[in-house]
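The two complexes that follow have subunit A in common; it is paired with subunit B in the first and with subunit C in the second.
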Partner chain A sequence: MQRLGAMLRFGLGYLSANFQGALEYRLSFFTQVFSMLINDIMWIVFWIAYFSRFPVVGGWGRDEVVTLWAVTAAGFGLATAVCGNLFRLAGMITRGELDFYLALPKPVLAHALISRMNLPAPGDILFGMLAYGFLVRPTSVQWLLFGVFVLTSAMIFVGFGVLTQSLSFWLGNAEGLAQQLVNALLGFSTYPTVIFNGAVKFALFTLIPAGFIAYVPVQLLREFRPALFIGLLAFAAGILALGWFVFRIGLQRYESGNLVLMRD
Partner chain B sequence: MPPIVQVTNLSKTFTRRVRGSGLRGLLRSYTHPEVQTVAAVHNLNLSMEPGDSLALIGPNGAGKSTTIKMLTGIMHPSGGQATVLGLVPWHQRTELTMNIATVFGQRSQLWYHLPAGETFDLLARIYELPAAEYRVRRADLVQRFELEPLLSTAVRKLSLGQRMRCEIAASLLHRPRILFLDEPTIGLDVIAKQQIRTLIRELNQQEGVSVLLTSHDAGDIEHLCKRVIVINHGTAMFDDRVSTLRRRYLRRKVVSLRLKEEVGELGVPVTGLPGVELVKAKGFGVKLEIDTDQQPIEHVIALLMAGLPIADITIEDPPMEEIIAAMYRDQTQAPAQATLTEAV
Partner chain C sequence: MSQLKPTTTLIEPPTFVLRRPGGWLASLRKMWAVLGITLASRLAYVGELVIRTLFMVLILYTFTQLWHTTNRSQDVVAATGFSIAQLIWYLAFTEAITMSATRINQEVDREVKSGDIAYRLARPLPYPLYHLGATLGERLLRFGINLVVGGAVALVFVGPVELSPLGVLAGLSTALLGFVVDFVWSFAISLLSFWVEDTDGLHLLYSRALMILGGLLIPLDAYPAWLQNITRALPFQYLVYQPARLFVQGDAAVWVDVLLRQALLVGVGLVPMLLLYHYGLRRVSTQGG
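Up next is the complex of A and B:
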């Protein structure tokens, strides 16, 4: 309990520092929040227009696609809001920036991830909730499940992100590759997986696990199956654990660096 | 009392892909890959007693920073053993970092956009310091390091010297038993260097904090440390008291003068004195090397000041490369002398 309290105070300390850091440049901060909302709204408008002409795609209607988008956006928002360094990890490894975290008495990966919080990202969470609430009009049980699925999707984003970004320990600079893989994960997460078959579908549940981000949650919201639900929870926890394990192994190969660095 | 740092045959090697120059060299490195192993630290041995102030010095690339990074748990070694406060740094990093502090001259732990005081608060949470204890410690460090006027200014607006004072104060909040400093005075002007050196010396003497610092500035070790290890190519070449190093290798000083008039007709009044070597006298500049065993430096300076219209004067130690070269000369001459003695 004492440890949990200490971790909470540690997380709140970073939240406060990040918030103050973001507000040092107010205009940039609010512009970012505004453009993120516009971007999300544009996509929803596109899909609504699409479904007004073609009401069903592979057995999916407007509600399913809105839910798909809502879970993906909110999950991605949660992952990047809390773990703002998630997609910078490869570069941090290459530039020797992990020195900061290795010199301090906290778990390196968790510390590195949360030391930067993407404060405009909660805009994505808010967007996901508003889109789901207003366009799908869920029941309270569906809201509860939606919350769980946002969490599992965030865990998968973090696990997959850490796994791909950690390739830098072996490849030297995997920033570009990791970015491509995350873009693929994000891109495929926002398309109904029902339109894919065969090898592509297999890949979307293994190599690039986009199917687990939102497709499985949408299926579970349509028809709840306990085995599938447990499978999803296990996958989310498993990929997170795998990411942590690979990072830990990679850390033994960490070469640091001599670049002049500041914490921004 | 057991040593607080014990290092035995510590080694660190890096592998590098060898490539020729230009596009052809790059393509060839793919078709005929060649890997080179570089030993950054090679079978290094050292130990440190509680309260020690030890300097690791050497030229760029000697392996100083790599050694510090292994001793603080930042890097894993390729071979050998090390314990710091009885802990193996790369296996027991979390426990170790609660009791040590690391300051890198070229890497700031302070948040660039925020006032240093905010980083202090964050570090108190990271080290889980009780609020009351933190307040007392912070007030003490602020007073000792004269930080009051700096604490509310964003770090990006501080001078390098001011930032380094904040860095060191931040690293001391949790009362570490060992302070590792990697090039703490790099890039600082003479006054800022002096301030930092005084603060570190006071810490060592008043709080008993052991200090292990790396530097390629011989001035740092003369002012801060009792013991010095000189490393080159990852190997210790000299491990002794600073006074011994000074006696053997730092007795020569380099004096550079900038004159108000051209040196041509003036001449240099100390030329010909025993132990004084004129290295350069051209235009407005004069450079001399003085062997302080043969000629007291204050005597030479007094003569120069009396005889020349001096605009600026600098007194420096010989560059680290020269000291290392002198050590190599000593090491190669020593066995030869021993053989000669045996023959006699």
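Up next is the complex of A and C:
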């Protein structure tokens, strides 16, 4: 328990330092956050336009697709705001940049992930909250559930990210492959899952778990089912644990270089 | 005997010119050469370019599913004026256009920040024309590959559509002129890097405007009336929607009109681009090293 508290303080310390670092280049930081917010808003304008022309698609309407986008964007934003190195891990492994973290007493994976913040990420979080609040107008219970689902989505993004980025331990430079897999996860997470069927739908709940990121939360917000809720929590915790486990195994294959590193 | 007067010898400045940049025709020839060299060098990485089209497969599959699901409850043809097969071929063409875009802002940002722009400026080819040649060279190759892969994927997902030779010619010619329009406006945004640290955010907004207001994912005809009114009043349609619609539906009557409007957009875009270039260059300072 004491160790967990120390890790939490360590994480919060990094989060605060990353945020202060971002504020050093205030104009650039706010431009990137604002741009991401506008980017997400453009997408939601597209979907609102689509659903105002075609009101129901596979039983889904405007509120469902807004919720889908809000949960996915806020979850992705939370994951990359806290773990800014998540999608850089494969490159760091290939270039031997884990040396820096190996020499320090904190857990390597957690330390490597949180030592950077993705600057536009707060724009995604802001968008998720604004879109859900203003367009869906949820009740306080739905707000509470929304917060939980943002957290589970972030956990799934981190778990899946670590799993795919860790392929570099075995495949050498797997940056491109990992990028394609993350793009696929993000792509499938932001379209109404009801349009997919057969083998693709099965893949969305197994190989590329986009279904757990937003489809299951949307279903739970429409109609709460305790078993499904527990299943979602278990999946999010499970994929996070699996990512950590695979990274740990992979780390045994890690080969250090003689690169002199300066952390950026 | 006349007395010799002391003489002073003045060293005349050299009358020869070190560099002859030539006129506009010569510059265009050099730009054409840059285009050819870029195209040839990128041909060495065709495999990588093909792998990048995987995302297009995903998008085409997703939209095939979306239109089929939508069609179960509403008549898509009546609402959009396109059959589902035409909608997917339209998407293949628009994706081929937008996925062929190069990340010119990163190149210009880097050159401005690192000072490498000084090397480019010393060359006997105007800096914007160098980038126009390099961008078009890369983009033509990417567009060709995207179109072949997109066409093949569309063929598998929804089968063939009837394309008229005139429509194909109209689509391709307006897509190519659209690349020049896109270059002029993108390059103008990139030149802002003389003043702002990072133009990524501005380029993101521009690309999203092209995506939604230009009709990347669905034709403008499929938008509700309020959004159609907005998008038809804006120029983004001439870079994405109009070329793709001409390609799929082959409306020869608007072909020349689209080309003229694209030429106008190039002319209008050149004003801010050249002004930004002119004032931006005043901020370039070089040092030894």
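To be clear about the criterion, the second predicted complex is superposed on the first by the 250 of 264 C-alpha atoms of A that agree within 3 Å, B and C clash if a C-alpha of one lies under 4 Å from a C-alpha of the other, contacts with A are read in each partner's own complex, and residues count from 1 in each chain.
Keep this in mind: a residue touches a chain if its C-beta (ideal position, glycine included) is under 8 Å from a C-beta of that chain, and two chains touch if they have at least 3 such contacts.
Everything numeric here is computed off the predicted structure, so don't read it as measured data.
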| said: Based on the shared subunit A superposition, would you classify subunit B and subunit C as clashing or fitting together? | reply: fit
| field | Vertex subunit A; arms to subunit B and subunit C (CA centroids, nearest 10 degrees) | value | 90
| message | Taking the superposition on A as described, I'd like to know which of subunit B and subunit C A:192 touches: first, second, both or neither. | response | second
| Does subunit B (first) or subunit C (second) touch A:15, or do both, or does neither? | neither
| task | Applying the touch criterion given at the start, work out whether A:6 contacts subunit B, subunit C, both or neither, answering first, second, both or neither. | result | first
| field | Which superposed partner A:49 touches (first subunit B, second subunit C, both, neither) | value | second
| task | Report for A:176: first if it touches subunit B alone, second if subunit C alone, otherwise both or neither. | result | second
| task | State whether A:228 touches subunit B only (first), subunit C only (second), both chains, or neither. | result | neither
| request: Report for A:252: first if it touches subunit B alone, second if subunit C alone, otherwise both or neither. | output: first
| query | Just subunit B (first), just subunit C (second), both, or neither: which does A:203 touch? | reply | neither
| query | What is the minimum C-alpha distance, in Å, between subunit B and subunit C after the two complexes are superposed on chain A? | reply | 11
| Across the two complexes, what residues of subunit A are contacted by subunit B and by subunit C? | 25
| query | In their shared complex, at which residues does subunit A touch subunit C? | reply | 25, 27-28, 31-32, 34-36, 38-39, 42-43, 45-46, 49-50, 52-54, 56-58, 120, 176, 180, 183-184, 187-188, 191-192, 194-197, 200
| Can you list the residues on subunit B that touch subunit A in the complex? | 14, 65-66, 69, 72-76, 90, 93-95, 97-98, 102, 104, 106-114, 118-119, 121-123, 125-128, 154-156
| Given the complex with subunit B, which residues does subunit A contribute to the contact? | 6, 9-10, 12-14, 17, 20-21, 24-25, 98-100, 102-107, 251-256, 258-264
| request: Would you tell me which residues of subunit C are touching subunit A in their complex? | output: 51, 54-55, 58-59, 61-62, 65-66, 68-70, 72-74, 76, 79, 196-198, 200-202, 204-205, 208-209, 211-212, 217-218, 222-224, 227
